[in-house]
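One chain, chain A, appears in both complexes that follow, with chain B as partner in the first and chain C in the second.
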Partner chain A sequence: MRRLNAYALTFRLPIIIWQAIFFIGPLFFMIAMSFFLVKNYRMVEAFEFKNWDKMLSRNYVWDSYWYTLGLAALSSAVASLVAFPAAFALAYRSSESVRRWAIFLLIIPFFTSYLVRTFSWYVILAESGVINAGLGYIGLGPYTMLNTMFGTIVGYMTLTLPLVVILQTVSLASADRSLIQASQNLGCPPWRTIFAVILPAAKTGLIVAALFAFILSFGDFVAPYYLGGSKPPTLPILIIDTTKAGQQWPRAAVVAVIMMVTLFVVAFTAIFLAYRKRGSK
Partner chain B sequence: MTKGTSGETLALTKRTLLQTSAAAVLSAPFVNRAWADTVELNMLGWYGTAEPDMVGAFEEANNVKFVPKYYAGGDNMLAALAQNPPGTFDIIHTDAEYAKLLIANELVMELNPDDYPMDDLLHEDFAKFAGHWDDDGNLFSLISRFGHLGVSYNKDALSEKEASSYDSFWMPKLKGKVGHFDWHLPSLGQMSLLAGNANPFDIDDDAWEAVQEKTMSLKPQVGGYFDFGGTFAGLKNGEMLAMCGIGDWVTGILERDGAPVSSVVPEEGGIQWTESYSIVKTSEKKDMALKYLAYTMSPEGQVKTAQMLGYPGHCVTGAGRALLQKEDEAEAKRSGQIKGHKNEPIALIDDGRISYRDIPVQQDLEDWNDFWSEYKNA
Partner chain C sequence: MNEPLVVLDGVQKNFGDFFAVKRADLTIEAGEFIAIMGPSGCGKTTTLRMLAGLEAPSAGDIRIGGKRMNDVPPHQRDTPMVWQSLALFPFLNVRENVEFGLKMRGVSTAERRRRAFDWIERLEIGEFAERNIETLSGGQKQRVALARSLITEPQLLLLDEPLSALDAHLVIRMQGVLARLQRELGITFVYVTHSHSEAFAMADRVVIMSQGEIAQIGNPREIYRTPANRFVAEFVGRNNILTGTIESSDTDQVTINSVIGNFSAPTEGIHQEPGSLASIVIAADMVRITREATDAENTVVATLISEEFVGSIVTLFLEAADGTEFKVQLQERALTDLDVHAGGQFHLSWATADAHLLPENNG
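This part shows the complex of A and B:
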């Protein structure tokens, strides 16, 4: 039997307590709340399946679910694809100091409010905005970009892209250089080196980056509301709408639990894929 | 060693440091006592109700500090009340349909109508406004201001005549340019008026079915569903050329800044929002809260509520309106608060063109919200 290591426990305990108080506890409360009832605009403790019945039988809930899932997957794919060339350049074509500065600059957007950054897109994407004004000079447009899916994706990129670039850069920079050199010495063309050597070597980091983009987009309220015009609403918007319907927090909890379960499934699948050894079953 | 301005040398020795620290510690209770004289009033209200333009003069005159907690939509107000311990808030500023829930749940204290100029109210309905009084005729919530919801529009895209019917939302030139304020009550209330329901919130199931059908037909025209910030930005940058579910309380702010937008009560009628103040039963500062309520009904207080920078409203007292006309004629004219004006709000009520906003009477609130979610997803 292993002895309890007091030294290790001292360092591990705070994070365990933190998670228990601020994650596990609220999570269980949220699950419990999904069975409560609302009477006369007040939540009443109960154990009834009415909220689950109600929410799972509504088409609009499923419409929102599939739309949110698809949108988050699209955001994850777009962020990964757009970030990759930049991350590749930073990892393999830049000096150490340029990489350091680039990562610093990528962190800077997080210093400002995401809401403010989102609202600033109004000036750029509006029909009377910067992009359409530029396109107008060459006889194009105006195009509607705000209150569309495109607007939502732009918002998601504002949230996720810097993080994805950073994670991809770190991951690519950590790939075993000797493997890359070996493939080049053996006459492997550049594109094949990328697909056969670099991508598998950096697989874990790339998948984790995509996973972060998915998680952030799936739970984001701001971009689909302010840049997508809530048209159609995503699950986070549905949560807000539900609470506006006579204090239906238990039904909002049902939506939140559905979101949590989805995120757990996606995250575990991604982690499994990220750490799966080649050839293993 | 540091040098004073007079030239003498100040030695920062251990002793002087200890003496200074001890003096600071010993004087702290007196400093605290001086601060304690300022009464903190915690206000739960719509945005702007506890900003300096609204409460600054009262704060200064009474050594009060307002601490606001803002919400948007009555349900969020109820949520804030439920999520905070009793005694957190002293004053609640809310709409009539939610004030009646506060009264039903016995959350607010009874008020004495004799403390307020009830005989100077501009309309007889205001004196016994539904939702502000309990079934036994006791006053619990004090009316403070009101406004009308109708068709809000971009003047470069629509004329006032075109905007004078809810049917304008279906005009081909507005395809994708009609926005909704993202709250089911005002938008569905307006659709109910368009469907010919004299009392838009008290409709039977057949009429409710017709309202849903009519609303659903508007979907191809809709450009988005917005909160206050989004509504404001959408109208300002021209992304939305007409808005359903709002009125002068949004366009008035933009109009003051010179934006080409306006609101009109259409021929099918408009919906009135009516705001009031209540004092929370558990408040420990009831005296000061009562004083503030009296202030909001004074002519000065009424002018401030009409001019509120957060969003404009109409005075409810004759003396308030008279002072507004004297002090800010431009705003009185802009908002129609002048007798004989074509959009004079009291005349609109007298002409039967205004319905007071309410929660659904014959359906559950959640039925309306369910439909709203379906509509947004359609």
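This part shows the complex of A and C:
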């Protein structure tokens, strides 16, 4: 066995302890809690499959699951598509200093609370809001945008778009430019270069950016609740509702475990695709 | 129309105040192997990139096959380039890399696969066809890059220091591969390098560039034996350059006077006024070295400083009384009779016919 390097261990120890106390510990507790029972609005330790039976056999749980999964996938796709032109322009059509400033400005939204940014959409999207007032001038609308899936996606974009643009910009900017010239030298027209060279060359970063958008959207409570009107409820809303209804923490834990497992599968698949190489070794 | 394949007519390229290429006039015949050589920053790579359309000339015309190419974008030319960095696509395997050019030209899958395998076989990388690029060695990657560039069977292949990243023994092997391919295919090669050995070993003609200008164009022998100016004489190396004032000049022979003696060279039709400065060049392998004085035409006494062995060739570095440096190149076996040791005194001599008067004294 390799001797443990005391020096290296000293520097690794804090992160290991931190992860053990605040991530792995609670995770195992949550898994354990999903087997507890609730009697007279009080949780009692047990090892029963009742919560799992109940939650997995209910249609509304599955409806919510597929809805949340679809919504997060849609959010991830929309964020990736909307971000790409901006990231492309920043990576290939801007000077170094413009790129630096743009990335700085993209970080600014994170300075204010996500909740505040979400509420500010009320003013813009409401029936009597800014957009409908504008459309009213040219004889259109009003359109209902709050409490719809559109509203939810707008909220998700508020959460994910700056990050996705930053990640895409960084990965595009660090892709090898000589490959672009090489492709044109071999007869590839500029527009085709995007699909033939740039996307494959920046693949890892683009997939990781999409993965972040998926993870953030999948677990987000604020956008579907305040802008989407919580109908139909996503899994995070379901968790809140379940804990409120008769102190059903164990059933909420079941939903949370299902979400964790889903994210593990999605993240592993995405990372595998991101780093997959062509051809045999 | 009998125009050469490539014509550079007063081509200039500047990036703001910096003139990468000040003026280039060059014609390249179909089937030629041209090497463009010079120190870094001399404009050789910029010239090559203009042929590929990756840079647009600031002035002058580039014509390929009789057609003015100045405004033709790179993807509409058939001027593939082998890059110094190779620029192979890491997300494609060997065969897909090779097929790329045909795919862009809309060749059917079956056809391009067949042609890709032909080239892969020809360059002896058949067993790696489905491999990931990153698993190949430097020499194998080099062959992939060549196959990728040649698959469209272009008239003109551009090579930008393609062998600079390879080990010395692989460079020699790839030189053989390149020279053979060029001969068999009859494709025009334009080969940019800073290495004398690569340029002289392969090229039909060598273009020497310096500070954005063409210093000399000629076959390797001409460049080596009759350098056009001091820069070329120094750049190709292994030349002794002697500067002095012209003592006498008649129709056949010119004699210059320097601190270490009088030396003669054929005039080669150049007339220079007595009293003006002039330089003559004697190639290192034309200098004889002896222990005893000889009655040769041109002689100098010099002290041995050091020696350098490359294979069976040895180069001796000597210094004359006034500090003028001399290089003498000879076969290693010739050393045995000479008793060389640093600090020893030797007599150097050469025939007047082997000396070369620099046409212009620009140094």
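What we mean here is this: the second predicted complex is superposed on the first by the 278 of 281 C-alpha atoms of A that agree within 3 Å, B and C clash if a C-alpha of one lies under 4 Å from a C-alpha of the other, contacts with A are read in each partner's own complex, and residues count from 1 in each chain.
Basically, a contact is a pair of C-beta atoms (placed from the backbone, for glycine too) under 8 Å apart; a residue touches a chain by one contact, two chains touch by 3 or more.
Fair warning: this is a prediction, and the values are worked out from it, not measured in the lab.
Looking at the combined model built on chain A, do chain B and chain C fit side by side or clash?
After superposition on chain A, chain B vs chain C: fit, no clash.
Under the stated touch criterion, which partner chain does A:144 make contact with: chain B (first), chain C (second), both, or neither?
First partner only, chain B.
Which partner does A:119 reach: the first (chain B), the second (chain C), both, or neither?
First partner only.
Give one of first, second, both or neither to describe whether A:18 is in contact with chain B, with chain C, with both, or with none.
A:18: touches no partner chain.
In the superposed arrangement, does A:200 touch chain B (first), chain C (second), both or neither?
Only chain C is touched by A:200; chain B is not.
Tell me which touches more residues of chain A here: chain C or chain B.
Counting residues of chain A touched by each partner, the higher count goes to B.
Thinking of the overlay built on chain A, is A:182 touched by chain B (first), by chain C (second), by both, or by neither?
So A:182 only meets chain C here.
In the superposed arrangement, which partner chain does A:247 touch: chain B (first), chain C (second), both, or neither?
first
Once the shared chain is lined up, is A:192 touching chain B (first), chain C (second), both, or neither of them?
second
After the superposition, pull out the minimum Cα separation from chain B to chain C in whole angstrom, please.
Across the overlay, chain B reaches chain C at a minimum of 44 Å between C-alpha atoms.
State which residues of chain A lie in both footprints, the one left by chain B and the one left by chain C.
Looking at chain A, the two contact sets are disjoint.
Can you list the chain A residues touching chain C in their complex?
176, 178-179, 181-190, 192, 196-197, 200-201, 203, 277-281
Provide the residue numbers of chain A that touch chain B in the complex, in ascending order.
40-43, 58-60, 63-64, 119, 122, 126-129, 144, 146-147, 225-226, 228-233, 238, 241-249
Could you please specify the touching residues of chain B with respect to chain A in the complex?
For chain B paired with chain A, touching residues are 73, 75-76, 78-79, 82, 101, 104-105, 176, 179, 182-184, 222-227, 229-230, 233-234, 237-239, 364-366, 368-370, 372-374, 376-378.
Can you tell me which positions in chain C touch chain A when the two form their complex?
Touching chain A from chain C are residues 52, 54, 73-76, 78-81, 83, 85, 87, 89-94, 96, 100-101, 104-105, 130-135, 148-149, 152.
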